[in-house]
Every structure is written in structure tokens, then in C-alpha cells.
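For reference, the structures are reproduced in the following blocks.
Here come two complexes built around chain A, the first alongside chain B, the second alongside chain C.
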Partner chain A sequence: MALIEIKNLTYTYPGASKPSINDVSLKVEKGEFVLITGPSGCGKTTLCRCFNGLVPHFYQGELKGEISVAGLDTLKHHTYEMAKHVGLVFQNPENQLFALSIEKDVAFGLENNGVDRVEMRRRVDEVLQQTGIYDIRERSPHEISGGQQQRVAIAAVLAMEPEIIVLDEPTSFLDPLSAQKIFEVIFKLNREQGITVILVEHRLDLTAKYTNHLIVMDEGKIRFEGDPRQILSNEETRLIGVGIPKATLLYQMLKKEGLNLNNATPLSSEELADQLLEALKVE
Partner chain B sequence: MIVAENVWFSYPSKVEALKGVSLTINDGEFVAIMGQNGAGKSTFVKHFNGLLKPSRGVVRVDGVETTKSSVAALARNVGFVFQNPDHQLFSETVEEEIAFALKNFGFEKEVIEKRIEWALNLLSLTQYRKTSPFLLSGGERKRVALASVLAWDPQTLILDEPTIGQDHEQKEKLRQFIMQLQTQKKTVVVVTHDVEFVAECNPRVVLMKEGKIVADGVGKEILTDPPLLELSSIVLPQIAQVFTKLSELGLPKDVIDIYEAKNIILKAKESRHR
Partner chain C sequence: MSVFDGLKFRKVYSPIHNLDPRMKFAYVIAIFVVAIIFYQVIPLLVLFFMQIPFVLLARVQRQWLRSLRGAAFLAAFIFIINVVTTYFTSGYTFTAINIENSTAMTLRFIVLVESFSVFFLTTSPDHLGLALEESRVPYEFAFAFTTAVRFVPVLAEEAQTIMDAQKARGLELEKGGLLKRIRNYIPILIPLIVSAIRRSLELAEAMESRAWGAAKKRTNLYSLKLHKGDFALLAITIGILALAVYAHFNVAVPTVSSLLGF
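On to the complex of A and B.
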């Protein structure tokens, strides 16, 4: 059985006139790095809330279909049980920060789970370093910038060492270099520790290179799923409003003009530059 | 016109956020303020509508010192859209949210109705007219916040991170709208980390670091200067990254526009064939 299995999921928020998720089926294997994208309002955030049971336990509403995460049926297990397996980083960090200091916020989940002090200290320090907030650990999470708050939210989830991390536009308030560093940290956790990552992002120019399992959603449905090189070179993907990375777009434009580039659609500037150096080589 | 002269600002916690910033923004200009988290960008633009007043130095909006005017009076001319929409939304429906400021400014009922329709349409929100903003997605809430400010048509528009949570289509609409405002000689100031958005718009770029301005110039020059960008924790736009790596071929490095990029590469190919 896959680590995450969703079968024919349809979900409607209380009072909403149409479903936010409409007949979605999905399988994610252990150790995958899955990237979910799609136009604003397509159901990406709602889907994230299903992975740890916030939908439907917290949001209520009407849910049809099956969701199994880490072998647990999310409909039968509470969010606090799911939280041991799934860490969720929200779009808006203010929604998840509440303690008096950054350090306490990051330690909160560990305290709740009865992790011993020495181990807690070790893990908290480690994730504070990884996310670049060690030096401000004693400040209040409400006095820092939006970008720093996002780092605290990510650190708090990493500290729990969950099997699955779900991140909903986790770096939207961060400057580009900091965002890149955070994505590198997440990618490293995925590669080295086998943590399964589900990342929701609009900015594919920063993130497409990390995944080989891309999901494009539109109007509550999965429109495309699979190899990002294939999906991002599909004209229809662009037409539903997905921001194709500029390197990928330029590659397509040059191919159309008859430039002899190889057939592997590039997902990053490095990949495109290598192809161009080859194509423009003086013989 | 907005003039900041040697502006210093400290928060009550004694954190010195601005350290002698001077900047003049003329009517009709489109300026992107960029830089590291905590560089003072949001703090600086909050001085433009008097939300914050300088500890030292002066900010003048159309010749009036912000310390001698109220936020309410300044707001009529300087509209501000916050980074986090939840800091400004409070009404029960999207429609009421947009109507709120219009009523406060004393517009006629018919005008209010027309402005609401216009703003809803512009930001693809018509279907949510009677919906609570809090039932909408993050990206949609951001657009409601934008709609509620655009509706009263201020001379200067300050947008703090307007592209967060927006898909490509919405960003393109925003870009076109800003271009349209330019033709009406409106001033637009965006605070943003979105290098690709800035590369597409190519505005004047002001880079801030640790409470100071470290660079001020055209987007094409600043966004293709790797050492300068690194100093400000910004990465090059993807097209500029490609051209930095192609520099051994003798191609120009200051390219951010995808069509220009295409033409340069095709030309290079042609000249190598001869």
C-alpha cells in the first residue's frame, strides 16, 4: 500500500455551493517529493488539509471518498494522532504560531509528545540552525517579519521529525535567497532521511527541479499528474494559468525556431545553459 | 510626488529599522522596492501614507509633511495594500469590504455601485460578491484586499508583496493593470521578492539592506548584477541566470526579457554557422 492513498475524494466546505475537491484520486509512495500547483482557488490548500485530517475534523463540511495516510484512515483518526506522522506548514504562518518565544514554539510539539529534555534540546537547536533562526530564538514570534515567521513554522514542523511534511507555499514571504535555502533544506531531508514531501507552490522556477511527481490541479480536480518535463512542455498546462519556468519557456521558443536542442525539457537555468552551450559550440 | 529626506525610524523595541533613507518618487513612476527580509522595506513604505512617522527626517506627499496630516487624509491619495490580507479584511462579504472605504470617503451611492462592479471584474472576484472573504483562498483574499483599495482610485498605490499566492494568470493581469495605471500617470510602488515579476515589468528598482538604500536604477541593470543581488539576498531572474552561464560565448549578460533572449541566441547561432 502506498504511504498516501486517496480514492474518489469529494469535499465541500460548510455553506459552500460547490465542492472544493471534486473526485480526486492520488497515490504517493514513501520518499517521494511531490509538487502540487494550479491556479489560485483550485483546491490545493484544501487538499493539504486532508492529509492530516484538518479536513474534515476541524473544518467539517461534507466529505465523500477515502483517505489513508501512513496506514491510518484520516476519517477515523484524530488530527493529533495524524500529527505524529504528518507535519503541515500553513500558507499563513501567523495561523500556527502562538508561544512567547520562537524556541518555545518550536519545542511545543515535542513537549506534547513527551520527548525527553536532552533530545528536545538537540532537535530544537538543530532545526533552528537549519532554518537560520538560531540567533533570534529568544524573540517573540509575533515581533518578527513574515519571512522569519515562516521559518519558525517550518522549524516547528521539522522538529517533530514526521514521516510526511506538507508545505503550503512555505516561503512566500521570504526573500529569494532565503527561499532557495529553505527549499534546499527540505530537499536534503527528502534525499538523506527519506522524508516524504508534499509541496504546494506557484513558483515553479524555484521548485520544479526538485520533483519527478508533479500534480496540476484546476477547479478541484487533478488535471495533470506525472513527469514535470512532460507536463510543463504541454501547452494546455500554460493555458490553465500555471507559471511555466522561464528556462522551460525559452527552451520551447528556441525549439520552435528550429534551434537544435536535445529532447530533455529543462526545468532550471543550469539545464538550459548546458544545452545552449552545447548547441552554440563553435565546431 | 513622494519625497523622503534622510528618514530614520526606530520601533519601540529600539530596533533601528531605517537609517537615513532618502528617495524621490515622481508622479507616474513605477518603483519596485526589493531586498532581504528585515531590510526595512515595509517599514519604509508605511511612511508614504503616514502609518508610520519618521523618528528623524521628513516625508512629504505632494508637498505636505506626513507629520502634519492624518492617515485618513493621506489615504485618499495614497492607497496601501498590506502583505497579509488578514490584516485588512473584516467585512462579512466581499462587496461590503470594497464598499467600506468608498462610503467613508463619501462617494455617491451610484458611484459606489459602479466602482464595486469595476473592481470585482478587474480582479476576477465577481462570483464571490456575496461571499465572506474568510471563505476564500489565500490568493483570493489577497485580491479582495487589492480590490478594496483600487476601488477608490488613489493617485499613489502601495502594494506590499502583491504577487504572493497569485498564479501566473493573475500576476499577468496585475502587470497589465499597473501598466494601464502608468498611462494615467498614477504612481505605483511595490515591495516584492518576486524577481520574475519584476523582470517582466522592468520598473525602477530600489534595493534596500539593513535600513539603507544600496542601489537605485533600472530593473535591467540591477537584476543582472550578481554581486549586488547576493548582497541583498536576491537571486537573478532565470533568464539572467542563463546568460550569466553563457558569458563564455561572448553574449551580453544584461538580459532579463525572454523575447530579447530568444533573439540574441538565434543570432548567435546564425553567426556561428557562417
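On to the complex of A and C.
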């Protein structure tokens, strides 16, 4: 059984006239780096809320279909039980930190789970180091930058040692450089610790290169799923409103102009640069 | 930025800041009690000066002076009311002893303000929340308290932003009579409240996702431990109380007027 298995999931918020998630089926294997994208309002955030049971426990509403995460049926297990397996990082860094010091915030989930103090201290220090915020652990959340706040949020879910981390547009409040750093932290967690990552992002320029499992959503449905090189070079993807990486667009233009590039669609400027160098060498 | 400065607790490390908040609170209560027991100028003056070493040790003299200045108006008011009432009750005369008693009343008030301000100036909200938790106050209350402190500067900043935005659209805050002026603030309050509600929903969602309510018995990253300084403070507190009670029953406290020979 896959780590996450969703079958024919349809969900409608209370009082909404049409479903926000419409007949979605999805499988995620352990250790994958999954990227979800799609136009605003297509249901990405709602899908994230399904992974740890916020939908339907917190939001109520009407849910049909099956959903199993880390072997648990989220309909039968509360969000606080799912929290040990799935960590959710939200868009706005400010509204997910509530303690007066950073390390206290990171410890919040462990405190709730009743972890004893020695073990708690060890885990808190470990994740502070991993996310590069150990030196600012005693500051208040108000005194640090948005990028640092978002790292605190990541550290806070990491401390609970989840198998899966779900990040819902974690960088939309950040500048490109801070965003880049956050992506590097996330990618490292995936590669070095084998944590399964589900990342919702609009900035494919910076993130497409990390994944080989891309999901494009539109109007509550999954429109495309699979190899990003293939999906992103598809004209229909662009028409849905997905921000195709500039390197990919440039590659297509150059190809049309008759430049002799190899057939692997590049996802980042580095990849495109390599292909160009190669093409120039041959000529 | 001065508004925010007052709201933010600065992390300072001093022997006084490191004391256990429960001990500090006991000390403040003791001072409170002693200030009530005595109604003469001399012991109240002693109490007043006794706080100064704490203030200096904690290096909060500037903030402390500011809070005293804030209390000055009320202190003057108390003094005048006392002088005036004793003027009437003692047969329309000003006597040295009446003035002295009024001074004592005022001093009592100042001592109370002084000791509470030392407590709040030297106790971090984090520590206070922890003390609440360890005194078996339900965790929800301690959490509500620290979270409120956490969001005060955030909301203050937001209020400022909304105010600037509304002013840029032509809102005039300082115009009209009193009622009109109050009404002027509605376009600021409504967005502020709406945004606070949205914020609280997001917070609730984040709390749920971080296992809020998972275990019956919650643990805490920090714990309050009594150190040498705390025992010293406890000894001082008990000493002051004992001395005060003894003096109250056995020593005839002289008045300043009699010492000066009025």
C-alpha cells in the first residue's frame, strides 16, 4: 500500500454550492517529492487539509470517497493523531507561530504529545540545527524575518518526526532569495532523511527541478499528473494558467527556431545552460 | 515607534529577571501588606527606598522612572483630596500632622505602584505564563495569555497600517466633535476586527495541526526551578514581614513632625 492513497475523493465545504475537491484519486509513495500546482482557487489548499484530517474534522462539510495517509483513515483519526505522521506548513508564517520564543514554538507539538523534557530538548535542538535557526532560538517570532519564521514553522512540524511534510505555498510571503533557501531546506530533508514531501507552489522556476511527480490541478480536479518535463512542455498546461518555468519556454522557442538541442525538456536555467553549451560545442 | 516599545518585553538578563516569578510575586504581596499595615511616613519611606536596589540590580531604572511619572498625576490627586478632607474634618485648619498623614497616604500609593512595576518590568511574559501553568491554572488560560502577548505587537502594527491606508484614502481622524471623532475610528476598527478573526481561524488550524489536545497530560519545555537567589528573596520577604509585624505591635513609630519639634 502506498503511503498516501486517495480514491474518488469529493469534498464540499459547509454551505458551498459546488465541491472544492471533485473526484480526486492519488497515490504517493514513501520518499517521493510531489509538487502540486494550479491556478488560484483550484483546491490545492483544500487538498492539503485533507492529508491531516483538518478536512473534515475541523472544517466539517461533506466528504465522499476514501483517503488513507500513513496507513490511517483520516475520517476515523483526529487531526492531533495525524499530526505525528503528517506535518502541515501553512502559507502565512506569522499566523502559525504562537509562543514567545522560537524554541518554545518548536516544542509546542511535543509538549502537546506529552513527550518528556529530556527527549524534547534533544529533538528541539536537532531540528533547530537542521533548519539553520539554532542561533536565534531565544528570540521572539516578532523579531525575525518572514523566511526565518517559515523555517521555524518547518522545524516545528519536523520536531514531531512525521513521515510526510505538506507545505502549502510556504514561500508566497517571501522574497525569491529566502524562498530559494526554504526550498533547499525542504529538498535536503527529502533527500537525506527520506521524508516524503508534498509541496504546493506557483514558483515552478525554482521548484520543478526537484520533482519527478508533478500534479496540475484545475477546478477541484487533477488535470495532469506525472513527469514534469512532459507536462510542462504541453501547451494545455500553459492554458490552464500554470506558470511554466522560463527555461522551459525559452527551450521551446529555441527548438522552434531550429536550434539543435537534445530532447530532454529543461526545468531550470542551469539545465538549459548545459544543453546550450553542449549544442554550441557540437557546432 | 514609541507605542510599540511600551508593549514589547525586552529580554534582559539580570539577577532579578532570573528570579522565580512566584517568589517575586510573594515579595510584592508582602510589600503590599506592609504598606497597608503602616500609615506613618517613616516606614513607608523605608519601603519606598527598599525597592531601589532591586531596580538598580535589574537595570530597569529608566522604565521604572517612567512608570512612576505615569503615577504622579494620581499621586498628586490623592494628596490633594487627603489634605482637603482633613482640612474640613479637623476644624478648618492646616496642621503639620495632617499634611504628614496625607503624605503617608500618597507614599503608600506610590509604594504599591512601584513594587508592581518592578514585578512586571522584570518578569518575562513567558515566565509568567509558565508560573501560571505550574500553579495549576488550566493550560488554556496560560496559553491564551502568552498568545495574547505574542500578538499585541502584530496587531498594533496592523492597526497602524490600516490607519495609514485609510488616511491615504482621505479619512480624517482628528476632525469634528468628540462623538464624530469616535465615529472616525469605525473604518479602522472594522478591518482590524475582520483580520483578527481570520487570523484566529488560521491560528486554530495551525494549533490543530500541531497536535493540540493530543495528550491528557501536557509537558513543558521549560520548568521553574528554585535557585539560591529565590531562597534569598524568600528569606528577605519573610524577614520584612516578621519585622513589620513586630514593629507594628511593639514600636511606637515617631512622626516626622514630632522629630522636627512641631
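The rule is short, and it goes like this: the second predicted complex is superposed on the first by the 269 of 283 C-alpha atoms of A that agree within 3 Å, B and C clash if a C-alpha of one lies under 4 Å from a C-alpha of the other, contacts with A are read in each partner's own complex, and residues count from 1 in each chain.
What we mean here is this: contacts are C-beta pairs under 8 Å (C-beta built on N, C-alpha and C of every residue); 3 or more make two chains touch, one makes a residue touch a chain.
Note that the structure is a prediction, hence the values are computed from the model and not measured.
Contact with neither chain B nor chain C is seen for A:134 once the two complexes are overlaid on the shared chain. Look at A:176: by the touch rule set out above, it reaches chain B but stays clear of chain C.
In the superposition on chain A, contact of A:94 is made with both chain B and chain C.
With both structures placed on the common chain, the touch criterion links A:108 to chain C but leaves chain B unconnected.
In the superposition on chain A, A:124 makes contact with chain C only, not with chain B.
Overlaid on A, the two complexes show chain B and chain C touching the same residues of chain A, namely 92, 94.
For chain C in complex with chain A, the residues that touch the partner chain are 8, 11, 124-126, 129, 143, 146-147, 149-150, 153-154, 199, 202-223.
By the touch criterion given at the top, residues 13, 35-38, 42, 83-84, 86, 135-140, 143, 161, 164-171, 193-196, 199, 230, 232-235, 237-239, 241-242, 245-246, 248-249, 258, 261-262, 265-266, 268-269, 272 of chain B touch chain A in their complex. Per the touch definition, chain A reaches chain C in the complex via residues 49, 52, 54, 57-58, 79-81, 83-84, 87-88, 90, 92, 94-101, 103-104, 107-117, 120-121, 124, 138, 140-142, 156-157, 160. Across the complex, chain A meets chain B through its residues 13, 15-16, 38-41, 45, 91-92, 94, 143, 145-148, 169, 172-180, 202-203, 205, 238, 241-247, 249-250, 253-254, 257, 259, 268-270, 272-273, 276-277, 279-280, 282.
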